[in-house]
């Protein structure tokens, strides 16, 4: 019984982090029709910013917004410099379908190498603000800790905040309109380019939070090749795809589902399967529903 | 003359879609631009609203040179363009589509009043105000598209083939609504249409475009009576 | 306008073989080894060009398909003592079967969904090897093609042998591939990429066509994988990391994704870059952190620059420019 609860809690927490990553990927996809394979790399970079901030300010609570702002600014920079050029130059021919994929893959490599050159390959310690020791519950120690609780609360708050932004504000309307029908948006007076950059910036901030939490929830260290971030890269992407790439809700559902399923597979089946499990789950979902859980058939064609 | 176009040339790839077009539309009048497929009508509108950049020529609106200005800016100057195909955003609700039209407007209270105004012109939109736009019929979508343009408080309204794909009764309704709002809102309207009869019936001015050039300009009634125009475009 | 003979263009390949024969005798050992690696990449990159450039499907997991071929060859050799030439055929078959499975799944997916699935495959499949002892776990399996036959003389080195095997395989593969791409299969792939509905209306079963593309592409990738393992001597998960799949994509873009013409260029760049980066880093007197990561930085940066400025590859770009000039000359 205890193991079941523990597994569920582990799954829910890592699922929350994957949801954040998936939200970032869906934000970029919805606003610019690009799958940003470099999203996890950008999250890692933002986490390094956070690492520097922790060292400088000696506070995780300051470091988190620093990471978010740094992540947002970097993402905005990439959108302005790289993505706009991409649309201009590689819009036709056989390369058009794969150009954004390839460009973001290249970006991932550049970011990774850049991080390694700037900070070196060794592990850097990131200390969380609250302990990751489990709560005691009737004599047993649960895996659930203040840290995990914090992660869950933060994700829920961010999710609510983003939903309100998108559904209830004019800015959100502009974001959605620019994603669905850029020309109509332009004719309504929306500066679509700026809105797209904003989409990337929001994604960068969300990714930063995911990165910071992935670090403190996992090994507590970051490095250019850390397994935690390879896992974040794959799982974030798979969570987004499972969720259907259509909505933030789908991203969260995909993330939570993936997190919980992986946790159960790792603990009840075999702990070495942490790279195969996401793949198998992805195949299973796409086999039953190729458009993802909340995706619609029409949109899948894009 | 509030709208003055002189020697406008717009290229569409390698093709010269609009070739040295000059026209003038008085304030508050409805000008119908007719011509067959490929005549350059759509490209002309897109150049006026800023979506396409003209190669040469001038566009003057209310005394200001608006040639080559971007749509984002032109909307704020009162130029509203309803592009061809029922240009509504399917995933948004009717209300959100309308709100989109007014999104740049500073005065939110006035914008809310505009929704009431649109609903009074197109009551069917009021009935479906919370529904998703893709649940609307073709005619309703066209009304929504025009409604969205009205939400921007336009002084110049550019309509690209609003009758396309609609049933005859619905077309009549929409044309009548266009005439009504030209009168009541006192806006200048450019109506591009392949449905030459319907368009000329409600227009003050008629302009015939062929292969990118203006081949005839006259009062709408005069064009309808012109035997050459009748033979070529009106079918009788 | 010249009239092109629709021959199988066997002559250039035979000539190429002869040139390579002489080249291998003149050049030093390291270059010969690199030549073998280039030949391997030529086959692998060509497989991507077939799949992505012609059939329009993106695979981020061809490294995993190479692994399938390599493991199949090694297992066949170790467990069943299959003669060397046959192991390469087994590599092709095994990878092709994997490709067929993947293709069947892929036919229902498009764009990002396909990319994601192949990405997950690239990361997941090699680690599968750790689960089954027959696959040798982390250290992997030995893949030994044996010494060059004595009939070639005493001074015929192991590396030259690798180069000859890989080079011959590359020449044959290119010839076969070129003929496939020129056949009606190649044409239906191109058509399907452009407009799937129109192609279906012409009677082409696009789903089957796509699966075929995946199968053939995978077969070549498997061959490349086995050859790669030959040059390394072992088959292990670490030889097929995610970066390999990305490198193949890079090579394909550098070569010109829609044509075979620039394949050798792309493959050569892939092999030459690490060395070039090494030289640059040492010239700059940089720290170890820089030297280990500079090759990755350059390859990735090159990828971005290429896709931005030379998106259809230098060969295609050159052809397009020539065509434009010819058009203008006419007026």
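Observations on the structure shown:
We call the chains A, B and C, going by the order they appear; numbering starts again at 1 in every chain.
The rule is simple: contacts are C-beta pairs under 8 Å (C-beta built on N, C-alpha and C of every residue); 3 or more make two chains touch, one makes a residue touch a chain.
The structure presented is a predicted model; accordingly, all values stated were derived computationally and were not measured.
In this view the innermost chain, defined by its CA centroid being closest to the centroid of all protein CA atoms, is A. Among the remaining chains, C is positioned farthest from chain B, on the basis of C-alpha centroids. If you average the CA atoms of chain A and of chain B, the two centres end up 43 Å from each other.
Centres computed as Cα averages put chain B at a distance of 54 Å from chain C. With each centre defined as the average position of its C-alpha atoms, the distance from chain A to chain C rounds to 32 Å.
For chain A in complex with chain B, the residues that touch the partner chain are 170, 173-174, 176-177, 180-181, 183-191. Partner chain A is touched in their complex by these residues of chain B: 49, 51, 70-72, 75-76, 80-81, 83, 87-92, 96, 99-101, 103-104, 148, 152. Listed in rising order, the residues of chain C touching chain A in the complex are 52-53, 56, 58, 60, 105, 108-113, 115-117, 119-121, 123-125, 127-128, 130-131, 193, 242-243, 246, 249-250, 253, 257-258, 289-290, 292-294, 296-297, 299-304, 307-309, 311-312. By the touch criterion stated above, chain A contacts chain C in their complex at residues 29, 35, 37, 82, 85-86, 89-90, 93-95, 97-99, 101-103, 105-110, 112-114, 116-117, 120-121, 224, 230, 234, 237-238, 241, 245, 270, 272-273, 275-276, 278-280, 282-283, 286-287, 290, 292, 300-302.
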